[in-house]
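In what comes next, chain A is part of two complexes: it sits with chain B in the first one and with chain C in the second one.
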Partner chain A sequence: MKASGFPYVIPMLLLSVAFFATPLAVLIGFSFIGPEGVGFHNYARFLGDAFNYRVLINTAKLGLQTIVSTTLLGVPIALLYWHSGKTARQVIIFLTLIPMLTSNVVRTFAWIVILGRQGPISETFVALGLAERPFTLMSTELGLVMAMCQIDLPLIILPLIAILSRIPVTYTEAAQVSGAGPWRILVTVLLPMMLPGLLAGWILVFASTSASFVTQAVIGGARNIYVPQLIYREVGTLFDWPMASAIAVVLLLSTGILLVAMTMISRHRRLVGHA
Partner chain B sequence: MTSFKMTRRHFGFLAAGAAATAAMPFAARATGGSVIAATFPGNWEDGYRSVLTPLVKEAGYDLTVAPALAQDQLAKVMASPGNPPYDTLLMSPGQMAVAIENDIIQKIDPSKLKNWSMLDPAFQGEYGPTVTVEVNGIAYNPDLVPRPKGYRDLFENPAYKGLVSWTGFASNTGVMAYTEIAKIFGSGPTDMEAVFKLFKDHPEHLKGVVASTNHQMTLFQQGEVAVFMCSTGNVAKLKALGLKAEFVQPETGSPAAPVNIHLTKGSKNVDAAYAYMDAAISKVAQDQLKMPPREMFPTNRQVELTPGIGAYVTRAQLASLVYPDWAALNKNRPEWIRQFDALVAG
Partner chain C sequence: MRSSSENRALENPLPAWLYKAFVFGFGSLSLIYLVAPIVIAITMSFTAGQTLKYPPEGFSLRWYEALFDPVASGTEHIAAFNSLKIAGLAVLGSLLFAVPATIGMARMKRSAVGTIEPLLLAPLVLPSLAYGLAALIVANFVGFQPSLWLTVAGHVVVFGPLMYRAASVVAQGINPSLAEASIVMGATWFTTLRRVTLPLLLPGILAGAFLVFIQSLDNVSVSLFLADARTTVLPLRMFALIEESLDVRVAAMSGVLICLTLIVLLVARRVLAPSR
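After this line comes the complex of A and B, so read on.
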């Protein structure tokens, strides 16, 4: 059976080697070149600077913060979809997909208006007496997480919807009949069933957030520096491509380790067994 | 959930449609060929596309205006040696020095430019003509802050606290402002330790640091900032958008940067590139580009200055502007960029 299917994957395999593996190999090779010759000099320079460490940690932290916020918003939306009728489901799908049809750049610039001093958040807080004067969330980590959460929300909602669509609503009714309350149903019935979808969404959100150069640069400003901005600086401003390659490899490895860990969890027999 | 169905026939139609779209003929092109010209985004891109495209077309060539900041232009050309993505580059002396050092631009043949003699000798560079001189200073919103006298005022007058925006050392406008600040607070234009110390002593200014002047203009429009380092063109654009923006020449002098068009080494459309250069320095083009919202200082002697441009700088004053020593600045720039980024990030 394995042998009979192999020829069909050959074109994809060739494309992957030509357009993914080869450029990646070139990138990795480039990262070892420097004025001092071939070696680990670029890695030593990058990892020897405490500032770069902080940037690396901040990038991972941003990804994890976005995962938490998208989960808190995405799970209720997915559950609402699950309990809705045909028309409401179409509306939820439509509203989920609409932001994805708009350019990331446009969505990011819309957030400048929302997070600004004269934006709805600041004005609402002032009107409710929760803030003395208008304030800005631009160039803050909180503002960036809010923007990233909205931008990446479809990435967690869609896998959840795909999982929930296969599960009959009668499962919750059975739990209710057995005497379980709403929280118990959520924790012991729904969340275990949703876990594979959640993990798939977390992987997508983490990968998207940690590489989202435009939003990080525009909303985060120059105070919140993340790894993609460092790579851009090395390529576009300092023209130090070997260093940029080394940083890219470090980003690839650090996010890769986290993604592999999440993927392994999502394939764990006990977790998959629940779904 | 409604299931999605697609028959083989539907798939066939879809594939055929996609193939037909890909095979559609391109729009009619001029017979002489085309030039891909890099320009700065925003005002420059709009102006050059609308004013120069018809002039280049008259000469028998197509013009594609590709927006990119000067540093990005350099990075892209350096990334594909021998097959440059642009036929011409638009940059100030800061980037020109890097381009010459990396052998990516070539000396031009002035005999191919009909309008060459209309330029002052100072604008007749061996690597290409100067198309305008950007005069830098301070932009402010008169509704939000008082008129600043100069750079010192921005740090010492509490009226500006939290309302001033800066860029990093990757921006030419930023570097020019910092060289002036280094002169005021330090020992000379390259004494950036004095600048870094000034920012450390005034951390509220670090909150206003963003990536580019274009980003600052967006924040200015939104009322997020009230002051930023700018060129006269930036203020002209903001005014054209109906915003309250004024330009101030700092009391210590206005830094200035000539903007030049350069012919890329390896350009495959040299004749079209010359036609574009010639159009950019022609009287007919500069007569349009000097008008709001662009207000580009004309380098063609036959073009009269508008009262608006004359208020910023006259031809006689050009020599008295501050022209930074880019060779000296470029030597230290990478280190300054890294140091400033680390300082801003805290």
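After this line comes the complex of A and C, so read on.
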């Protein structure tokens, strides 16, 4: 038997370096090339433009809104899982996996039906007399957040469930015996233990938001533009690759910063309960 | 000193029944919010109407008939075929790179694994849209035009780590003495791989293959840059149909894809259940 397993790793390592790290390095290099030579022109032009600046802010805002809404809906589902029996737990996992594994375009299509003028939301509001005439939530920020929340929800539920299924019931029983009510147990026992899962989920949700080109284009419409569409427009319509590279680097940086911040928080022992 | 009931009221400003209502009521509602769009997409596909009016106007299979018609939906059939081909090849490529890496990493020291692993897993967390663009720029430099093969390569790079992660979870649980025993008993390196290591890894490899296949089939952000005009992939074709005309055939396509997901999920549970 060979002493080291390193030779087996070489093909994938080479693949990763040659076809992943190198293109990203080239992308970063490309972003500094401008008509006036090498420099920060593209970045200055991108950030100097008021429209682009708004797009950047809106994208960050969309990411934040998606993170908050998925957390608000995901935590109750995770708690429902925690308080359920074996069969109900299996059902919850199954119900989470179906939407997660269903194509993104299919889920986006479902939201076109839901948000449209002839969709269930509009019809219900009209039937109840809450709206005078049919309305559409397509091309609105609210509609987009509703859709993004549903699409990214499994990404936050699954890490939470993974943690909760490893926590022994004795932890909360001990708190209960000591006289803590359910809310107190939630705040002092369950939530601190769920925090690493939340951090992992937030990274996944943010990464997904920054790549959900189709959902943003279709539901957001022409009025709500986000960074992924901006990159695609520079490549597909304007053929300005260096500019597209600069925007992509901004996107990479924002994800990278979030990733580092989350990793630092999750290593902070006093903030995170060790599950 | 406070009485115990007073103490309890201070400890729990919110009553316990409200907690139950919150978890079971709000939790169930959230679960419905998560699943309802899938149900709506399926029921929409059986509409007899011309529009996306919901609830649907009557029941019919007309959109499925239109979708399976080889003449009317030729482009869609080609797109579906392309997507299946790319996904299948991406699984194959992931197998070739990720499975040896898993076996190798399982034999290495923890410190070395800690250094190399983030490098292998990086494509999973960095925005794939940025990667798609980067790959296009480099391919263009080297003189490759966007094509089916370039798309496959991109998918292997971005989704191969999924295979690695799924297989290495299983590899961590395998006792290394099993392979050692096989070698000691006189089996060759290849026999040990074929008869001991790979069968033990199989649940992880299957789970990885399943993930790579599903992700590749659904990918837009890489294919958007690396696929040429001739190799339209299914998600991009659906995107085009949605943007152009809101064709109700998209509902039928959604129905087919959801059914496919359900079947694959049920099969995967059957196959992978004993290993858990």
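Going forward, the second predicted complex is superposed on the first by the 258 of 275 C-alpha atoms of A that agree within 3 Å, B and C clash if a C-alpha of one lies under 4 Å from a C-alpha of the other, contacts with A are read in each partner's own complex, and residues count from 1 in each chain.
The rule is simple: contacts are C-beta pairs under 8 Å (C-beta built on N, C-alpha and C of every residue); 3 or more make two chains touch, one makes a residue touch a chain.
Quick caveat: nothing in here was measured; it's all calculated off a predicted structure.
When both complexes are superposed on chain A, chain B and chain C end up clashing with one another.
Legend: residue contacts after superposition of the two complexes on their common chain; A:235 is shown touching both chain B and chain C.
Looking at the shared chain after the overlay, A:222 reaches chain B, while chain C stays out of its contact range. Shared-chain residue A:37: touches no atom of chain B or chain C.
When the two complexes are overlaid on their common chain A, residue A:203 makes contact with chain C while staying clear of chain B. Once chain A of one complex is fitted onto chain A of the other, the partner contacts of A:112 extend to both chain B and chain C.
Touched residues of chain A were counted for both chain B and chain C, and C has more of them.
Contacts of A:85 after superposition on the shared chain: neither chain B nor chain C is touched.
When the shared chain is aligned, chain C comes close enough to touch A:181, but chain B does not.
Only one of the stretches 1-9, 37-45, 127-135 or 199-207 belonging to chain C overlaps chain B in the superposed arrangement, and that stretch is 199-207. Residue overlap on chain A between the chain B contacts of one complex and the chain C contacts of the other covers 109, 112-113, 116, 118, 217-218, 235. Residues 51, 54-55, 86, 89, 109, 112-113, 116-118, 136, 138-139, 165, 217-218, 221-225, 233, 235-240 of chain A touch chain B in their complex. Those residues of chain B that touch chain A in the complex are listed here as 1-2, 71-72, 74-75, 78, 98, 167-168, 170, 206-207, 209-211, 215, 218-219, 222-224, 334, 337, 341-342, 344-346.
By the touch criterion given at the top, residues 1-2, 4-13, 15-17, 19-24, 26-27, 30, 73-74, 76-77, 79-80, 83, 92, 94-99, 101-114, 116, 118-120, 123, 150, 153-154, 157, 179-184, 186, 203, 207, 210-211, 213-214, 217-218, 228, 231-232, 235, 241, 244-245, 248-249, 251-252, 255-256, 259 of chain A touch chain C in their complex. Those residues of chain C that touch chain A in the shared complex are 8, 11-14, 16, 18-20, 22-24, 26-28, 30-31, 33-35, 37-38, 40-41, 44, 51-55, 96-98, 100-101, 103-108, 112, 116, 119-120, 122-123, 125-131, 133-138, 141, 153, 156-157, 160, 164, 179-180, 183, 189, 214, 217-218, 220-221, 224-225, 235, 238-239, 242-243, 246, 250-251, 253-254, 257-258, 261-262, 264-265.
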